[in-house]
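Below, subunit A partners subunit B and then partners subunit C, in two separate complexes.
Coming up: the complex of A and B.
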C-alpha cells in the first residue's frame, strides 16, 4: 500500500515540476524579449523605414520588415491554400477505394513536413535560378509556400477526416455529385480551415531559413513582386549581430513586435474558430 | 404482385475484402408498404440496405455481383447513372446528420442541387416537407437558425424532410431511431406508418417490437442469407424456419 502512495506522490511531483519548467521557460523567453526590447520600442520602430545610419544606431524603424513579412507570409498562405485544399479534397473524397495510393501521398507529405526550412530555402533558390528570378518578394513567397504546403495539406486532411462518413452519405443519397458533397464538407470544416490559415501564417511569418537566400533584404517597402523584401526574422538577425548597443536593443524590440504579431494572430484564430463553429455537429 | 416493384434484387452477392457479406439475395420489396429487415448484428442488414442506393461505391475493397433493379433499371450496370438512382431514395441514417447550414437550407439543399432555383417553389417545398414530418409548427419562426440547434429528435425529422424534398419513391431507414429517446422514436415510427401511403419504406432494425409495430413485411437475414420473408404477423408469430423461430424467441441474437 505504501508503495502505491509513494508512486502517486512521485509522479505527481514529476508532473508539477515539468509543468513549471515548461511554463517558466515561456515566461522567461517572453520576459527577456520584453525587458530588453521595451526600452527601444517607440512609434518610429513601427511607422518608419530605416533611415541613413539606422544600423549604427541612428533614426528609423523596421516598417520595411513588418510589411515585407506580411507580404511574404500572406502571399505564401494564400498560394499554399489554393494548392492544398484541392489536394486534401482529392485524397479524401475522390480516392476512396484506393487507400494504398492515398496513404502513400499522405506519407510523402509527412516526410516533406519533416524537412528543415533551410532545405526549402535552398530548393526555392534553385527554382529562382532556373527561372532567372533574383532574390525578391516573389522568391520569398515561393520558398515559404513550399514550406507551408505539406503542413497545410496534412492539417486539412486531418480536419476532413473528422467529418463523419454519414454526412457524405447524406448528401450523396440526395443525389449530390462528389463535388457538391465536397462543397458541403468544406463548409463543415470551415473553422478548421481558418485555424490552419492563421496557424501557418504565424509559422510562415517567423521562419528565417526559407527567406534567407530567396527574399533578399531591403530598407524599402517592396512595391512589386520583383523587388527584394525585408522580413522580420532577418531584421532581428542582422540587428542582434551588430556591436552597437542601440541596434542590439532594437533587435529585441523587433523580436517583441514579431511576438506580438504572432500573439494577435493566435488570439484572432481562437475567436474566429468560435464564431465559425456554429454549425458544428 | 402484378406490376414490377420499385426494388427487385436478383442474385446479389457482396464481398467486402475477404468476407462474403451477402450471399445470393433474391427479393422483391413490396411497394407502398413498410418492410423491415431484421437479424442479429453483423448479419448483413445494413449492407443489404445500402446496396439499394449504391452507397458502397465509396468504400474500399467492395465487390458486388448480381442485380438490383430499381424501377426495372439495373443500378449496378456499367452505364447506370448513380446520382439519379440515389435521388429516388431518401436515406435516414442511425444518427441525424444535418448539413452545416440553416433549417431552411437543409431542406432546400436537395431541390437546389437538382436545379430548382425559384424562391417561391423552394419556399413551398420546404413548408410542405416540414409539415409532412410534423416539424413545421416547431420551426416556422426560426427557419434561418442553424439546424444543429434543434434537438436530436427534431434533427432526425429534419433529415427525413430533407430526403423527401427531392421527391423520392423509396425511403431507406438504417436503424433510424437508435439514437433517439422513446418519444422521438414514437414520432418517427408514426411518420413511417403515415408515409407509406406515398412511399415504399425499407427499414433496418434490431428491435423486434419496432419491426412489429411499424412493418407490414419482414425480411429475416442471418449470416448473409435471407432466411425468411413474409407478412409481419406470419414471420414473427408463426415462423416457418427453425432459425427465425430461434431468433424471434431470443435464442440467437
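Coming up: the complex of A and C.
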C-alpha cells in the first residue's frame, strides 16, 4: 500500500518538475536574450541603416533589416491570404458530399506544413533561377508565401468549421448561391482571419531558412520589388558570425528587437482570440 | 438570376484552380528538386551518395553519410530529451493541474512556439554552449568548445516542446472519462490509471506526436547550424561536432553556382530531407486522422 502511494507521489513530483522545465524554458530564452541584448540597445539600432564600417563596429543600425522583414512578411501574408481564403472556402463550401477528397486535401496541406523552410527556400531558389529572378524582395516574398500558404489554409479551414452548419443551411435555403453563402460565412469568421494574419505574419517575420537563398541582403531599404532586401533574422545571423565584439553585441540587440516584435504580435493575437471567442454564436 | 448562377460557377472554377495549384505544390516541389539532382544521382548513384563519407566538392566527391549521421544524432538527442519531459508535462496539464494553473501554463507553451528559430540559435550560443563547455563536457571529455551535437539536440528539444505538448494534450483529452472513472472506481491511484489505462489508450497518438516531432527536428536549420560546429565528420559521441543536412544547404548556398555539380548536390540534400519528412509526416497524419475519426464515431 505504501509503495503505491509513494509511486503516486514520485510521479506527481516528476510531472511538476517537467512542467516547470518546459514552461520555464520560455523565460530562460527570453531572459537570456534580454540580459545580453539590452546593454547594446540604443535608438540608432532601430532608426538608422548601417553606416560605413558598420560591420567592423562603427555606427549605424539595422533599420534596413527591420523594414525589409516587414516588407517580406507583409507581402507574403497578403499574397498568402489571397490564395488561401478561396482554397479554404472551396474545401468547406464547395465540396459537400466529397468527404474523402476534402480530407485528403486537408492532409496534403498538413504534410506541406511539415516541410521545413529550408526546402521551401531551395525550391523558391529553383523557381527564381527558372524565371531569371535575382535574389530580391520579390524572391523572398515568393518563398515565404509558399511557406505560409499551408498553415493559413489549415487555420482558416479550422475557423470556417466552427461556423454552425445551421447558418449555412439557412442561407442556402433562402435561395442564396454557394458564393453568397461564402460571403456570409466570411463575415462570421472575420475576427478569425485577423488572428490568422497576425500569427502568420509573426511566423513569416522570424523565418530565415526560406529567405536565405531568395531575398539576398542589402544595407539599403529596398525601394522596388527587384532590389535585394535585408531581413532581421539574417541580420542577426550575420552579425553573430562576426569576430568583432561590438558587432556581436549588436547581433544580441537585434535578437532582442526580433523577440520583442514577435512577442507583441503573439500576445496581440492571443488577446484577439479571447476577445472574439467571447461573442461567438 | 442567371448572372448570380454564372458568378457562382465562375468563382467555383477559380477556387478549384487555386486549390489544385496549392495542393500540387507538394508534387511540384518533389519533382523540381528531383529534376535538379538528377545530374549528381546519375553520376554517383543513390547508394554511393548516401553511404560514402568523403565530402570534397572541388574534386567532385559528394558523400552525404556524415551529414545524414549528423542529422540523426541531433534528432535522436532532441527526442530523447523532449519526449519524456513533454509527456509528463502534458499528463500534468491534462490530468492533474487545477483550472487556474492550466490557464497560466497554456499561454507559455503558445509563446514558446512563436519564438523564431534564429532566436533559439542565439540562445544556444549564449547559454547552452558555455554551459556545455564549462559545466557538462569537462566531466566526460578532455576538451570541448561546446559546439556539439549535444548542443544542437538540446536547442532542438526546446524548439519541439510546444509541438509535442500540444499534440499529446489533444490526444489525452480524447480519452473517454468513463474509462478513467472505471479504473479509479476499482481503487487504482491516479498514476496507476495513467499508467495502465490512459497511456495504453493514448499510445498511437504519442507515437504520431513523436514522428511529427522527429520530422520537425529533421528540417530545422538555422538554430542547429549555429550550435553544431559544422564539421563534415561522422560524430562518435555527443560532444563531437556534427553537420546536419539542412545546415549544409544553408551554409553553402553562396558558392553553389561556382563549383560544378555543387548545386545539384545541395538540391539532392534538399530532396533527401523532403522525402524523409514527407514519409514521416504522412505516417503521423494518418495515425492522427484515424484517432480523430475514432473520436467522432
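As a working rule, the second predicted complex is superposed on the first by the 261 of 281 C-alpha atoms of A that agree within 3 Å, B and C clash if a C-alpha of one lies under 4 Å from a C-alpha of the other, contacts with A are read in each partner's own complex, and residues count from 1 in each chain.
One rule holds in what follows: contacts are C-beta pairs under 8 Å (C-beta built on N, C-alpha and C of every residue); 3 or more make two chains touch, one makes a residue touch a chain.
Nothing here was measured: the structure is a model prediction, and the numbers come from that model.
In the overlay built on the shared chain, the residue A:153 is in contact with subunit C alone; subunit B does not reach it. Looking at the shared chain after the overlay, A:164 reaches subunit B, while subunit C stays out of its contact range. In the overlay built on the shared chain, the residue A:177 is in contact with subunit B and with subunit C. Once the two complexes are laid over each other on the shared chain, residue contacts for A:187 go to subunit B alone; subunit C is not touched.
When both complexes are overlaid on chain A, the residue A:128 reaches neither subunit B nor subunit C. Once the two complexes are laid over each other on the shared chain, residue contacts for A:99 go to subunit B alone; subunit C is not touched. After superposition on the shared chain, subunit A has more residues touched by C, the comparison being subunit B against subunit C. Within the superposed three-chain model, A:206 lies in touch with subunit C and out of touch with subunit B [touch as defined at top]. In the overlay built on the shared chain, the residue A:197 is in contact with neither subunit B nor subunit C. Subunit A residues 177, 180 lie at the interface with subunit B in one structure and with subunit C in the other.
Across the complex, subunit A is touched by residues 53, 55, 58-62, 83-84, 86-87, 89-91, 93-95, 97-101, 109-110, 113-114, 146-148, 159, 162-163, 166, 172 of subunit B. Only residues 4-5, 7-8, 11-12, 14-16, 18-19, 22-23, 25-26, 29, 32-33, 36, 84-86, 88-89, 91-93, 96-97, 105, 107-112, 114-123, 125-127, 158, 161, 165, 189-192, 194, 212, 215-216, 218-222, 226, 246, 249-250, 253, 266-267, 270, 273-274, 277-278, 280-282, 285-286, 289 of subunit C touch subunit A when the two sit together in their complex.
Within the complex, the subunit A residues that touch subunit C are 4-5, 7-8, 11-12, 14-19, 21-23, 25-26, 28-30, 32-33, 36, 83-84, 86-87, 89-91, 94, 103, 105, 107-112, 114-123, 125-127, 146, 149-150, 153, 177-180, 199, 202-203, 205-209, 212-213, 233, 236-237, 240, 251-252, 255, 258-259, 262-263, 265-267, 270. Within the complex, the subunit A residues that touch subunit B are 96-99, 164-177, 180, 184, 187-188, 190, 278-281.
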